[in-house]
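Here come two complexes built around chain A, the first alongside chain B, the second alongside chain C.
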Partner chain A sequence: MTRSQMFEAVKANIERIVEEAAGREITESTSMVDLGADSLQIVEVVSRSIKELRLKVPRTELASAQTVKDLLDLFERSAQQPAAR
Partner chain B sequence: MLTIESGAAALFERACREPLVERHERERGPALDEAAIRALLPHRRPFVFLDRVTRLDTANGVIVGRYDVQQDSSLLAGHFPGRPVWPGVLQIEAVGQAGLCLVRATRAADDGAPQRPFQLTDVLSARFETAVAPDLPVEIVACVVPDGLFTIVVGQCLQRDRVCSAAAVRGLEGA
Partner chain C sequence: MGVVTPIGDTIETFWTSLVSGRSGIGRWKRPIDERCYARIGGDLSDFDLAAHLGRQPRYAPHLVKRCLSLMRASPLVPKLVAAAALQAYHDAGLPGFRDAGRIGHVMAGHNVNAGYIVQNVLTFHQSDPDYIEPLFGLLCLDTDVLAASSELLSLSGPSFTVGGACASGNMAILAALDLLRAGRAGAMLVSGAPIELEPVALHGWTMLEALSYQSFNDAPERASRPFDALREGFVPSECAGAVVLEPLDGARARGARIHAELLGAATTSDACRLTRPDLDGQVRAIQLALDDARVDAVDVDYINAHATSTRLGDAVEASAITRVLGERARRIPVNATKSMIGHCLSAAGVVEAIATVLQLTHGIVHPTINQEQSDPEIDLDVVPNRARHAAVSLALSNSFGFGGLNSSIVLGRFDA
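Right after this comes the complex of A and B.
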């Protein structure tokens, strides 16, 4: 799975979940908070993304992800360690 | 707009139609008494809607409990005067509490780790088929379905082996 595929999954879920993101550009430097997402919407985006990408990411590490880039970095690390929990 | 995850959706549809656990299986144990339930739930009376657990199957993610609705006589006096019906919101709450018992009992069985807070985030669906009569205990069946970072609880309230209601709620552990 490439970083680009991960980005597309996260971007699609942001557009699906965060109404305020409609029509706005989403890049790796985008912060979901700045897009207007509340905490539950952020969890929803992450939850759907890891399900679709079949990743297992420790909840404790997710809290530190502020931007889409942070999330993708985390996803990449998890993808390299599929058995890690 | 939220939709129910597909596995949970099928379970919810089944919960609306028939008991999720056969009658003879619902009292197979292991059982939990009120003290054991209190150790798993943060709720306290008068807002606990499980008197005892009659079946706890952490391996298959199923729990069955019982509740004596007559304890809520002061509520039933107003809901409704002359025609007492156990409120639907309490039926959803009972399913949620049974699900939380199961989540926490499963965690304790898995790793014995300390219990983490659990936040209810969504009522995904609920259907009320038949009124819960106040003069009979209600049986609460709940099943847990993982959903990414969330946990979905699908359950039902039964009386005389008939489905009174079904509910699907979702929550977040460690919130």
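Right after this comes the complex of A and C.
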């Protein structure tokens, strides 16, 4: 799986879940907090992305991800681990 | 008032179906494990909230948008309750209510998100714990159903859920009545949430011999047959209902549309955790409700029975009604809405209160359908199979829940 594919999954979830993002451009430097997402929306975007990409990501490391780039870096590191069932 | 049922998702369509004796019971639409004994019910799993909202022309677009946004990740029951609550909110003219901080919300229901919980438990074990629904921790709660509709309608008065098993609906009405009498709120939305049906609970109720599963699987619309000699158990279903309660002075002052008067309510316990109905407990609840309403049994001219289509339950209730009303019990209509909509469990009391109000308003009593063989133990006029005109003005609506939880409410026709 490529970083680009991971980005598309995250972007699609942001657009679907974070209504405040309507019309805004989503890039790797995007911060969901800056878009106006609340804490539940962020949990949803991240968790649905992880599930769709069949990744296993340590929850403790998620807290430090501020931007989409941070999230994708974390996803890429996790993709090198054995996938979940 | 507002309803979502297998026989209509508006008050108008619900009433038309009731009068015509239409059954909402069929085979399951949702996939149910083949090993589950239960095969039939009133299944709302295919409820399309967006389509339903699209058919309500008077809803403000911002409310429709807010509703769909709030319900985006939600399971079935919050959607049903929101749909019913929106109807009641508009019907009661609440958008114009002066002090929204004084409108509270009491929701009848517990274990309502059972299907959602079972699905996520399976995902946890069969797939991966991290793959459960992201918002499961919040959405699994009964209170989320309450809170989502409260946010939708900006209700900030006293708000909580009420649990009373199959009597939850009446209990919620009673709780709201008490809050209003105590001056804690200026108006109360009372919603009734069903339990999202799933195979484990259904199988469990069948194992208790409470649920119909033997004779009517090939003719589901005949299965719910309260009072009939061939009855063999309740038929589960999903319905949601909502009513707005308000003190008469306030409702009149703001020109609200008044459907009926809630005159009183009562609840008793049998101090027994079993499913067995108790004659004395039911009699007490009915009598206390009449006392609370300050009316006499002799003035009651219609009863909406709990009547779930179980052998024992229907018989005991018939005896309780006879005990309280005496001779009069045989001469007034006593019907069972559950014959058409099945048993919507925690929502039943609210939906059946609505059915009662509609009958008071229209002067027509709906039938108890599926009356094919009368039971000599049931000496009541159950309005068999066909609706008829009846200028009824004082009604009882009973609900008796597992665990000996008895309740009755008294409703009066409102003549403006």
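In this section, the second predicted complex is superposed on the first by the 82 of 85 C-alpha atoms of A that agree within 3 Å, B and C clash if a C-alpha of one lies under 4 Å from a C-alpha of the other, contacts with A are read in each partner's own complex, and residues count from 1 in each chain.
Here is the rule we use: a contact is a pair of C-beta atoms (placed from the backbone, for glycine too) under 8 Å apart; a residue touches a chain by one contact, two chains touch by 3 or more.
Predicted, not measured: the structure shown is a model, and the values here were computed from it.
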{"item": "Room on chain A for both chain B and chain C (clash or fit)", "value": "clash"}
{"item": "Touching partner for A:61 - first (chain B), second (chain C), both, neither", "value": "neither"}
{"item": "First, second, both or neither for A:51, with chain B first and chain C second", "value": "both"}
{"item": "Residues of chain A touched, compared between chain B and chain C (which is higher)", "value": "C"}
{"item": "First, second, both or neither for A:34, with chain B first and chain C second", "value": "neither"}
{"item": "Partner chain in contact with A:8 - chain B first, chain C second, else both or neither", "value": "neither"}
{"item": "Which of chain B and chain C A:43 touches, first, second, both or neither", "value": "both"}
{"item": "Clash with chain B, by chain C stretch, listed 133-141, 151-159, 295-303 or 349-357", "value": "133-141"}
{"item": "Chain C-contacting residues of chain A that also contact chain B", "value": "40, 43, 46-48, 50-51, 59"}
{"item": "Residue numbers on chain C that touch chain A, as the complex places them", "value": "69, 72-73, 127-128, 130-131, 134-135, 138"}
{"item": "Interface residues, chain B side, partner chain A - complex", "value": "121, 147-150, 172, 174"}
{"item": "Residues of chain A that touch chain C when the two form their complex", "value": "17, 19, 40, 43-44, 46-48, 50-51, 56-57, 59, 84-85"}
{"item": "Complex interface listing, chain A residues touching chain B", "value": "40, 43, 46-48, 50-51, 59, 62"}
